[in-house]
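Both complexes shown next keep chain A, but they swap its partner, so chain B is in the first and chain C is in the second.
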Partner chain A sequence: MAWSSSNCVVHAMQSIRSPTVLRALLPQQSAARPNILRKVSLLPTPLQQRTNVRNYATELQPGEVQAAAEIDFEQFKARPARIVPVSPSYFSGIPKFYDHLLQIERLLAQHTTLPTVPPSEAPRRAWMKIAQFREHLGEEVPTKKYMGLLKVVYRLNCIDPKLLPAEVDAALQEFVRPGNPLGEKPKPRELDGMGRARGKGKRKESHAVVYLVEGEGEVLVNGKTLNEVFPRVHDRESATWALRCSARLDKYNVFARVKGGGTTGQAEAITLALARALMIHEPGLKPILRKAGVITVDPRRVERKKPGHMKARKMPTWVKR
Partner chain B sequence: MVSPFCWGCLTRLRPTPRTLLPSPSSVSRGPAFHTSAVFHAGLRPGSGRGATAVSKFRQPSNASMKKRKKPVEKSRPPPVGERKAIRKRIVLSNPNALEVEGLQELSEETMVDSRLHGTALALPVPMLDQLRAVQAFKPNQGWSIFRRPCTILRQETLQLGRFFDKVSGDGEHKGPFVKKKIISGPSKSGKSVLLLQAMAMGFIKKWVVFTIPEAQELVSATSSYAPLSEEQPHLYVQNEATAALLSRTVVANKAVLSKLRVSQDHPALSAVTPGMTLEGLANLGVQDPASAWTVFQALWGELTATAAAPGLEKNFTPRPPILVTVDGLGHWMTESKYRDAEFKLVHSHDLVLVRHFLRLLKPGGDQPALPNGGALLYATSTTMNPPSVYAFDLILKRAAARAAGFKFNDPRFPRAEAYSNIDPRVLEALTSQKSKHAQEKKLGHQVLGGVTHDEARGFMEYFARSGLLQETISDEWVSEKWTLAGGGVIGELERIGRRLRVAA
Partner chain C sequence: MIVRQLYSRQGRQLLSVNRQASILRRFQSTETQTPTTTVETAVKVETEEPVIPVPTESALDNSTSSDSIRLAATEAFSRQRQNVKNFKKLGSVVRNKYWPDALIENPPLPSQITLELLLANQTHLGHSTSRWNPSNSQYIFGIRDGIHIISLELTAAYLRRAAKVVEEVAALGGLILFVGTRQGQKHAVVRAAELTGGYHVFDRWIPGSLTNGNEILGSCDRKVVNAFDEELPEWAERLESRGSLKPDLVVCLNPLESTVLLHECGLNNVPTIGIIDTDADSTKVTYPIPANDDSLRSVSLIAGVLGRAGEAGQRRRFESAKRGVLGYRSVSLGKKDVAERPESEDAA
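So, the complex of A and B:
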């Protein structure tokens, strides 16, 4: 909070005297007419002098400077009439958000002439999700406003990385998720020292880990053979589908650990894990496996039951009264 | 009660609520203490029955649909025993299946021919009656989808065939060898069919074949039993089961037994005459179940004799080797369902028939188990819901460890867990000791797994040639099915192969 005197006249005079200076700082104007910047630099009163200018009410002649009397805080006469917030957007309810918005809008206005790259070539950064951003600021930012802010952020991110000013980079960094998950690509997985590829998969409530080695088509699931674990032939087929559709069933041995869920979920969790492990051995098979539908994750889970319903969707029978 | 009329002006006042004055014509009588609900129900338009249809207003209603009563079955159930007969029926031929061209039969030559490894061999037609008599076929083995019963010559079968050849052959390695083996393995891995193949080989080689097709039936308290004698009241004899065993043996081994004559003294059996055939001897037990156990002992004594009793030499001919197969050994390793006089459960090893066959299995006895050679093949069963017996599992694990080369002193050799409450009788009955006879080996253990890729291919080709599969049998196709069958488990291969696919 800043202290301000109760003298309204002083404020009024200030606002009259400073508009040219302040207007020059407004991003929209500078964006629209960048030649104003030049005018600003030609102004007779630089920013440094503003404080002096402001204090014209207590102006003294340079020669007759005298030390002020010691301030007696016990009898502090000039008590502030009201407390003025630091941020002009304080009364908007989400001041930090607007500060950020204004800051990047100003940056965009400043650097709008810089050359850009297409969005596909812009550096990949994982921007904060709305919930994360709300937590970061501690303010209930509406989703729509955050999306508007992100549009500006996207535009700034498209500035040619070679010419990206440091201040823009720093400002953008503010909106990147901690850790920046998309920043660097994960290392391609490799076989371990014993020639095993490891893949993990999930489906419904089941989790599977598959170790794939070269062999002649033996499959062990939790230490048991395939027919002991899956009495249904369909489940056996779906568990080994990645190898089957790429005609590799007799070239690899599978060792799988699977837990949770039911029979079908376990079989399909193995499918996914097996396909991922197979891609470590042979990355070139990815298009085939993609087409076979074994590397597409099925994220569906059981829908929750709702109050008033018998199940997730089912309603009790309608009765007239 | 206030009158509805104002007596001053004779105008009617506010009408009385009708609930107070139910008109008897429109409302049927409900309970006297409670009228309103009945009244409303009666007033409701469209209610056909009037006051009797009382709706549940704001009351919990059962959302589930009211179940209709199932119509009562009027027809009579099938006669007693018919359902079981259908369940146990064994169909060995399917006239719709194609006849496989160039199919070879199991014979003395083919059962040891390693060039035929992995091909299907038909069981000789005259032998089918013998195999039926010893109940070698089981209902769920899929015999009914082919033209005639065939089995695959797998590696284990070839080994068995070579052993049969060695025992009954006339080469220089001939001798009364005895093979004692417990066959175990996962479900549907072909244990019972391996026993069947052994029986077929036994019939080919003219051995005497004794079988226990369902070990469970001896211990499940479904046949009569009695104490053996006054002296041994804790042993129990099962006369009917013994008579059934004798009957099976006689019918199946008629050709062999009718040529052998009684050459020992049998003081316990007065009906035995010198010069009687062994078939006649066994028939005594079939006809009179009360003496079945004595007859069985006599028959066994005759078949294991190496020389005649004095005075009966002219009746003696060398005895053939014996094959004993038991299916479902695990059932014999725990208490039976029979009760003794104190209503305690009788241990399976106290049933004399079970005890007899288990004694044969134990090496290290003073007498050789089969002095004339032969084989004891005892298979475990997974489909007949075997009891879980820790001691038996431990014995199988130990046998596997011994086969893998671990000595008893090795720390990795399986030992009984502390406080596992292990059954000492089971442990004692099957613990392998060093045999005192050169011809007898230690108790062996064979784990039957899946078939190899080549055998699976031969099996699938047999399906295709029988007209059950309309697919091109290639190596990739076979290895895919091999994997889906859990590593070539032959029962699973059969299940996959019999799913008829019509080529579009």
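So, the complex of A and C:
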């Protein structure tokens, strides 16, 4: 039944025909008749012509084709081939930033299992401000992105300092402000050659400089006595409060220079300056002075006047029409 | 009413508490047990205690002692880790567990793409039928639960084609840029770029990076390299007069949001490969890959496969360079190059 289909007949004919094409070549190729093959190879037959045409390196006769000149690799290496970006983040516009970010994130992923300390116990480092970082990289890094990077940096800084790997430490140093201001404590102030301690203080618009020497309790403010400068008792008390609360009124001589502001401001600027100078003489007094509130800086200043207001906050009286 | 309920509730609980027994027990015993505790005044006994080194400030300043503290801490930590490792061997063993990063860290080769792999990575899931773009009708296999299902056979075929494109571009020394600006695509994008030796953008594509490249990318560093990608610093000064670079192929993992990028690529004749979900416009990219672009697994798989293809292309490029063949036209950088130009063409 299969033969009745015309398709099958065609297939069958093709299967018979296809080997017959090759059959003419078969006796020449078979190893069973080497003699014939040798005879044939002597004469230029169509088969031999065909092998030459194929042009495989293994079939070529030596001497027919010259080998290519040896490649001069020194020259090849010195020749520029392409121009490529330095960083894989080139097309982001801020490649150095992204390189830093990826490096820091890679380090965090690598060392994420290391034990950490609470942020308050982590070593204090002054991280670069955004402007400094921009200058450092030479790229306009958006603030938000830098803050995102700093979050990773904070996390890395919280790794236990005893176990902090060297590569992480080196990577973190990249983001530390040059000089690392938080890393070094300021030098403790000392008395000068003549036994004077110098302290500065500010309050409202007043600035005061106080020189404190050991003495009998004399006080000079701008070359005048305390009574002349501050007619109010309250001001006189507050100016010397640091000495009074530590019972040192008769142990030191005070020479103060004060300018700017009003009487209250000047008196309290002297308080602060005097307390700071006293701490140079006797650092042990610090807790007492702290408790007395004389080394606490009062940063309040006059609030600015606003448009639409009479003063800083006062509004004009409301009128119906 | 409320009071009665409270009683009935609390009364049962009170009954269940065995109070009566404790009272009875007190009467049963004749001798009461009073707790006798001998109070001893704490006297500090002078014994030889092991001296524990306390890290003082001076000790920390001293480099040698701080080193020893560091060493001790590191040793203790490594010991603890070793203990954890040893104890982990005990008990049951969990095999064949899912490791989310495996697809990104070790992505499959283009030859390993199977329909099962694509299905397992959710590439077949399209969008709700109401959100479809009719230009994608040829890629859609059917509807299930109100969402379009993308034909995996087509995904595989288009992915293989895209892989070939990436491989050839890499083999010819082209710059391949991977862009995926959606949240979570960063890792896959960076990894694919790393494999390909290409470039990545995972945050925002700055509009005009191609059309106004000199302004936006002008300050970014470039270098001249030879066929082995080694830098040739003596040519660096010639770069200043040249404009910014443009990618030779852009692979976009989220074409829906990257309209500006694709438009710029179109203006600059840069071919693009994009993952086309059922709601995206397939005419925006040159070589679409119909697949799910919302699943991170799907996106990681596709980016990984393309990254592997690029890796193979780079390998081919280096192999031909080792034979002294530059498969692409080298860059011309002025006078010094003119003498060598014919040779490079011979080599090509």
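Operating definition for what follows: the second predicted complex is superposed on the first by the 171 of 321 C-alpha atoms of A that agree within 3 Å, B and C clash if a C-alpha of one lies under 4 Å from a C-alpha of the other, contacts with A are read in each partner's own complex, and residues count from 1 in each chain.
Note that contacts are C-beta pairs under 8 Å (C-beta built on N, C-alpha and C of every residue); 3 or more make two chains touch, one makes a residue touch a chain.
In this text the structure is predicted, and so the values were computed from the model without any measurement.
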Determine, under the contact definition given at the top, whether A:Gly217 touches first (chain B), second (chain C), both, or neither. first
First (chain B), second (chain C), both or neither touched by A:Thr296: neither
Tell me the contact category for A:Gln132 with respect to chain B and chain C: first, second, both or neither. neither
In the superposed arrangement, does A:Thr225 touch chain B (first), chain C (second), both or neither? first
Which superposed partner A:Thr317 touches (first chain B, second chain C, both, neither): first
If you stack the two complexes on chain A, which partner ends up touching A:Ala247: first (chain B), second (chain C), both, or neither? first
Scan A:Gln173 for contacts with chain B and chain C and give back first, second, both or neither. neither
Superposed model, chain A: greater residue contact from chain B or chain C: C
If you stack the two complexes on chain A, which partner ends up touching A:Glu237: first (chain B), second (chain C), both, or neither? first
Which positions of chain C touch chain A when the two form their complex? 69-70, 73-74, 77, 173, 175, 177, 190, 193-194, 198-203, 206, 209, 216-217, 219-230, 232, 235, 239, 242, 245, 247, 323-324, 326, 328, 330-331, 333, 337, 340, 343-344, 347
Which residues of chain A touch chain C in their complex? 71, 73, 75-93, 95, 98, 102, 114-115, 138-139, 145, 160, 162-163
Residue set of chain A touching chain B in the complex reads 216-219, 225-228, 233, 236-237, 240, 244, 247, 249-250, 310, 316-317, 319-321
Can you list the chain B residues touching chain A in their complex? 55, 57, 61, 63, 65, 186-188, 450, 453, 475-476, 479-480, 482-487, 489, 492, 495-496, 499
